[in-house]
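Next up: the structures, one after another.
Each of the next two complexes has chain A plus one more chain, namely chain B in the first and chain C in the second.
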Partner chain A sequence: MQPSSSSAQAPSRSNLAGWLYVSPLVLVLVPFFVAPILVVLAASFFATDGFGGLTPGFTLASYVEVLHSALTLKLYLATIKFTVLTWVFTLIIGFFVAYFLVFHVRNQLLAIGLFLLCTVPFWTSNIIRMISWIPLLGKEGLINQALLAMGVIHQPLEVLLFSDLAVVIAYVHQLTIFMIVPIFNSMARIDKKLIEAAIDAGASRFDIMRLIVVPMSKSGIALGTIFVVSIVMGDFFVVKVMSGGGSASVVSAFYEDVGVLQYPTAAASAVLLTLVLVAIVSLILRTVDIRQEITR
Partner chain B sequence: MSAVLADMPETVAPATSKAIAPSKGGRPWTFYVLATLFGLYVIALYGPMFCIYILSFQDIRGGLVFPMKGHSLHWFVDLFTQVRTGDVKGSFDRSIKLAVIVTVITVVVSFLAGLGFRKRFRGDTFVFYMMIGSLVAPGLVLGLGTGLLFQALGLNASWYSSALGAQLSWTLPFGVLVMFAVMSRFDHVWEEAAYDLGASRWQSIRLVMIPVLAPGLVAVALFGFTLSYDEFARSLQTAGSLNTLPLEIWSMTLNVTSPSLYALGTVTTIVSFIVIGASLGSIVLIQKKRGSQAKG
Partner chain C sequence: MSDETKGTFTSDPAGTEAKTGVKSTKKLSRRTLLKGAAAVAGAAVGSDAIRGFPTIWAQEIKDIELRHVGVSYSVVKAIGDQAAKDLGFKVTMQNLDTSAAINRFISQPNTVDIADLEGWQAKLAAKRSVIQGIEVKKIKEFDNILPIFTKGEIDGHKIPRQGISPYEAMYISKPDSTDLHDGVTEWATFLPQVYNADSIGYRPDLVGHEVTEWKDLIDPKFKGKAAILDVPAIGIMDAALCFESAGLIKYGNKGNMTKEEIDFTCNKLIELKKQGQFRATWTTFDQSVQLMAAGEVVIQSMWSPAVAAVRVKEIPCVYAPVNVKNGKEGYRGWCNGMGLMKHLSGKKLDAAYEYLNWYLSGWQGGFVGRYGYYSPVPSTAKKFLTAAEWDFWYDGKPAPEVINDPYGVAMEKAGTKRDGGSFLDRVKNISCWNTLMDEAAYMNKRWNDFKVA
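Then we have the complex of A and B:
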C-alpha cells in the first residue's frame, strides 16, 4: 500500500479511480453506518411523550437524566469489570495459543490445521455457543454433577450459571479467537533468524520472550484488544442470558430502554458509550498504525 | 484467519522454515505446558457445543441437562412441526436467502474496495476509518439508528431492505480486511504483464486478478455468509415483522426450555459446518490444482 509514483504524476486521475473502486463501499456505509449514528445523535436531543413518539427539538434533558442517574455509574462499572476480565483472559490464552502454534509446532501444515481448528467456531452461531454452556454450568449441570460425585462439594454450586462468572466464561469462549488471529499474524512475521541470533548471543528463553516476541507482537495485541473491548462493551445478549437477568451492562440497559420506547434516554446513553469507545480505540490506535499493519 | 488462508500457497509448498531454536532433538518443557494449554483450550472451545448436539437427540422425556434420556429425533420433528416454538422454517428460509444476497454483495464490494485501496487516493484514510467505525460500533445501537431512520423516512423495515443494509455494515469491513490480506500477497508484476500484452483494465481483472485471487475471494464469501447467517444484534431492530434465524433462536432462549432449542442449535451448526467445509475444501482444491499445474 505504498503511494505509487503514478499517483504523484496524475493525482486527480488516481483519486478518481480510487473513489470509483470504493464507491460501492461508501454507498453502503453512508446510509447504514453514518446516517444511523447521526439519527441516534439527533434522537438523543429530542423530547419524547413517553410512548415512543419523538418531538424534534433540542433538549439536553436526556443527557441530564442519564448523567444524574446513579444507575449509569453502576452500569459503566459493571461493563468495565466485564471488559477488563475478558480482556485479561483472552489476552493470556490468545497469546500463548498463538505462541504455541507459531514457535512450537514444527510442521507448518499442522500449524495451519490447528489454527483452523481454533477458528472454525468463529463461523458458527454465537448464541448457540453461548447456550451450550447451560448443560455444563447449570445447577444440575455436568460440572456440579462431577464435583458432587467426587465429594468436593455437598450442595450444587449456584454461582456457575446465571452469574457474572458465567458471563465472563461466555465472553472468553467467544472472543479469544479475536486475540489469537492478529497475534498469530504478527508472530508469524517475526524472522526466525532473529531468534536464532538471540540464542547465539546467549539470550535465555525468557529474554527472547521479553525482548523479541512480546514487542514484535504488540500490533497484534492492539488489534485484538480493539476487537475484544469493542465487542464486550457493545454486547447485551451475553450479559442478559448468562447472568440470568442479574447483571446489566450499558448496552443491555439501552436494550431495556428501547423495549419501553424510551428512545431519547437510550440514544443519549448510546452516544456517551460511543464516545467512551472512540476514546479507548483512539488511545490504542496511538500505539499502532493499524492501517499500515493490516495492509502490509 | 484471513491472512493465513491467503498464506496457504506458500505453506502448501514444502515447508522450509522450522520452528525456532530447539529444533535439535528433544522438546523444551515449555512445549508440553503450552501443548496442554492448547489442548484444554480446544476442549473448552468444542466441548460445550458437542454437549448440546448430543442432548438434542434425546427422546420426549429429555431435559436441558445430562444425563441423556433415551435417544430419538423427537425434538427435531418438534422443531419443524410445533407452532408454539415459532416460525423456525420460515426464518431458516429467510436467513439462507439473506446470507446468499449478503455474500454476493460482500464479495463484489470488498473486491472492488480492495482494488481501490491498493493505491493512495485523497480521502482514503477517511474511508478506512469509516469502515473501522462500522466494525466496532455497537451493533444494537446501529440497528436502532437504522430502524429509526427507516421509520422517519416512512419506509417499512424488513429483512431484505433494512436488515440487509445493517448486516452489510458488519460483513463489509470484515470482507475488506480479508481483501487487504489477500491483496498484500498479490504480485503486481502479473497485472503489469497483462497490460503489457495489451489487456484492458477489465480484461486484466477478469482474466488475471480474479483467477489468481480466487482462494481469497472464497474466504471473503465464507465471512460474508457466516457473519450474515449468524448476525443478531444489528438485525434485531431492523428485520421488521419477520424474524431471521438468530432472532428466532434469541426468542427461544427466552421462552423455550426444552431440547428443541438444542435441536435448532444442532441444525444451524450443521449448516455452518457445511458452508465452512465447502469453502475451505474449495480453497484447498484450487491450491492443489494450481500446484499440480505448476509442476506439470
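Then we have the complex of A and C:
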C-alpha cells in the first residue's frame, strides 16, 4: 500500500500545483467574465413584454430578429470598415515606430526612453485624447483656419470632423500603442547577429525586412491585431462622438436597445458579436502560433 | 406648515421605533431603548423644533442617507447639499444618463432611494413594481402644485396628451398598483419637481430671420448646418414636429406613432441625412452647446439652458418660440419627478417624504428657475427669487437688472427678454411630451437605420 500511495500522490500533488497556478486567473475570469456571459446568453433566449420585463424560457425570436434584419448587416459592414482601416494604419505606424526603436536607436537606454515617450499620451484618459481632436478638426478648428489663411481652401473642410475620417483618426491615435508594444517586444528578441549575417551574405534591406524582421515579428503583429480588432469592434463611444452621431456601430445599436429596455435583442446581438470576435481571434491564432513564438 | 410637520413626526418616530424595537430586541441595549423612548417623548413634546424638527428627531435621522438618482439637469448636487443642510440627514445625488438611469431603477432598485423619473419612466417603474405610491395627503404643497400636473389643465386650457404627459403618468389607484390610473387618486407615481418646454436653438446672425416654426430645421438653406437630438425616443418627436410643420404628414399621436408613421419619419430622416442636411446629431447638453458655439451648426433642436450657455460665451443664440399654430408646431414638454423606491420603509421612508416636501418648499424652485427651468409650485419658488428674477424668468418681462445664474455668474443683461415669453405662454404651447412609444423596439431599430445610413 505504501509504495502505491506515494506513486499516486506524486501526480495528484503536481495536479494540485497546476490548479493553484491557474486559480488566480480562474478566480478573476469566472465571476467577471464567464458568469456575465452566461447571464447575457440566458437573457438572449428569454421573451420580453417590451417594457423591460423578462420571461424566463427558451425562444430563438431575438436571434431570428437580429439575423433577419438588414440593419445587422449594415452595422457589421460599418464596424468592419472602421476595424480594417484602423488596423491597417495602426499596423503600419506601430510597425515602423517599433522598427525604428529596435534597429535604429543604438543606445538601449535611449530606446527604452523613447519607448516610454510613446506611452506619454496614454497617461491621460482616452476620452480626453479623443475630444481634444475636436477643436483641431472642426469647421472653425485649427487645421481649417490654417488652410484658409494659407489660401489652400476657400471653404472650411467639413470632412475633417463628424465623419468616418474623424473616427479613424481617433481610433488610430488611441490604439497605435497596442501595436507598438507587442511588436517592439518581439522585434527586440531578434538576434542582431542574424541581421549582421544577412548583411554579410549580401541581403538587401528589403530582403532583411521581408525574410527576417517581418516573419520574426509575427507574434507581436498578431497580438497587436487582436487588441486593436477587439477594441474597435467592441467600442461605440468613439464612433458616436467623432462621427457626430452620423454613424453607428454594432455596439452602439445594442446600447440603444438597452436604452429602451429591449434586453433580449441586445443580448442576442452581444452574443453574436462575441461569436464573431471569437472567430476572428481564432483565425489569427491559427495563422500565427503565438504560444510557440513567445516561448521561442 | 409646521403643524403638519409635527403631526407627521409625532406619530412616526413612535411607530418606527416600535417596529425597530421588535426587530432588534436581542441587540438592543438599555441605552438605545432609552433613546427610543426619549425620541417618542421628544417628538411628542415636539415644540422646540430646529427647522421644523424636534431635537431628538435630528439625532435619530442623522445616520439616514437618501440616494437621489437621475439625469444631471434634474438631480443637482447643489440642491442635494442644501436639502441635507436644511433637513439634517445625508443626501447623495447620483447622475446617470436617461437610459442608464431607467435601467438602474429597474435592474437594481435597491441601490436607489429616490428615483428621478420622467413621466414615461414613472409609467415603466410602476409597471415593473420598483416604486411605491406616494401618499398625496402627506405632501403639504400638493394642492398648490400647478393643475398642469395634478389635473391635466391650466387656466381652462387642456394640456395635450400626445406622448406621456405628466398628468397621465401621475396616478395609480393603490400604492402597489402596476397600471396607471386615468384621473385623480390618493396615490401618485411620482412628484413633479422640474420641467420645461424644448424647442429649437439658432444663431440669429447666421439664420437671418426669426424662427417660429420647426420646419426651418429641415430647410435646405441650412444644409450641413443643422443638427438634431439623438436620443431616439425624443429625437423622433423633434423630427415629427419638423415634418408636421412642413406639411409632409399629420400624425395621429406624435408620442405614440404607428409603425407606418415611424417608417415615414425615419425614411424621411434618412433622405435628409443623405442630402447632407445634418452636420451632426447630439446626445448631451454639452455637445449641443459645443456644436453651436464652435460654429458647426446654426440651427438645431435644443434645450433652453443650453441656449443660455451659448450666450454666456458671447455668441448670439436664440431659443425659438414655436407657439402652436393651425394645429402644428408647439414645444416638446418634459417633466422630471421624484418616485419613492419600493424598499423604503420606516424612518427612511419618513425622511424621503420630508425630502419630497422640502423639494416643493421653494429653495429648489428658485434654484432651477435661475437657469430657466420651472417649479411645479411657483408660489413657493417665488419666495426664493428676487422680484427682478421673477419678472424675467416667469413673467417674460424685460429684465429690470442684470440676471445671474444659480451660481451667481451674470447671465443676461438688463433689458433682455426671455425667449418664448412668459411661463404661461410656454406651457400652454406644449404640444407633446417626452415618451416611450408602444412600438419603441421597432422605432429604435428604424432610428439605428437612420444612424448607420
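Keep in mind that, in the parts below, the second predicted complex is superposed on the first by the 274 of 296 C-alpha atoms of A that agree within 3 Å, B and C clash if a C-alpha of one lies under 4 Å from a C-alpha of the other, contacts with A are read in each partner's own complex, and residues count from 1 in each chain.
In the analysis below, contacts are C-beta pairs under 8 Å (C-beta built on N, C-alpha and C of every residue); 3 or more make two chains touch, one makes a residue touch a chain.
Predicted model, so just to flag it, every value in this text is computed and none were measured.
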Partner chain(s) touched by A:E140 [first = chain B, second = chain C, both, neither]: both
Residues of chain A touched, compared between chain B and chain C (which is higher): B
Chain B versus chain C as contact partner of A:A78, first or second or both or neither: second
Which of chain B and chain C A:I128 touches, first, second, both or neither: first
Contacts of A:S69 with chain B and chain C, given as first, second, both or neither: second
First, second, both or neither for A:V260, with chain B first and chain C second: second
Partner chain in contact with A:G246 - chain B first, chain C second, else both or neither: second
On chain A, the residue positions that both chain B and chain C contact, one per complex: 134-135, 138, 140-141, 241, 255, 258
Contacting residues of chain A [partner chain B, same complex]: 1, 3-4, 6-7, 11, 14-15, 17-22, 24-26, 28-29, 31-40, 43, 93, 96-97, 99-101, 103-109, 112, 114-129, 131-136, 138, 140-142, 145, 173, 176, 181, 184-185, 188, 192, 195-196, 199, 205, 226-227, 230, 233-237, 241, 251, 254-255, 258, 263, 266-267, 270, 273-274, 277, 281, 290-291, 294-296
Contact footprint of chain C on chain A as seen in their complex: 50-53, 69, 71, 74-75, 78, 134-135, 138-141, 158, 161-162, 240-241, 244-248, 252-253, 255-262, 265
Chain A-facing residues of chain B, complex: 1, 3-4, 7-8, 11-12, 15, 17-21, 23, 27-28, 30-31, 34-35, 37-38, 41-42, 44-49, 51-52, 55, 64-66, 105, 108-110, 112-113, 115-125, 127-128, 130-146, 148-149, 152, 165-166, 168-169, 172, 176-177, 180-181, 183-184, 222-223, 226, 229-230, 232-233, 237, 246, 249-250, 253, 261-262, 264-265, 268-269, 272-273, 275-276, 280
Contact footprint of chain A on chain C as seen in their complex: 98-99, 102-103, 106, 124, 127-128, 224, 227, 230-233, 273, 278-283, 287, 290-291, 294-296, 436, 438, 440-441, 443-445, 447-449, 451-453
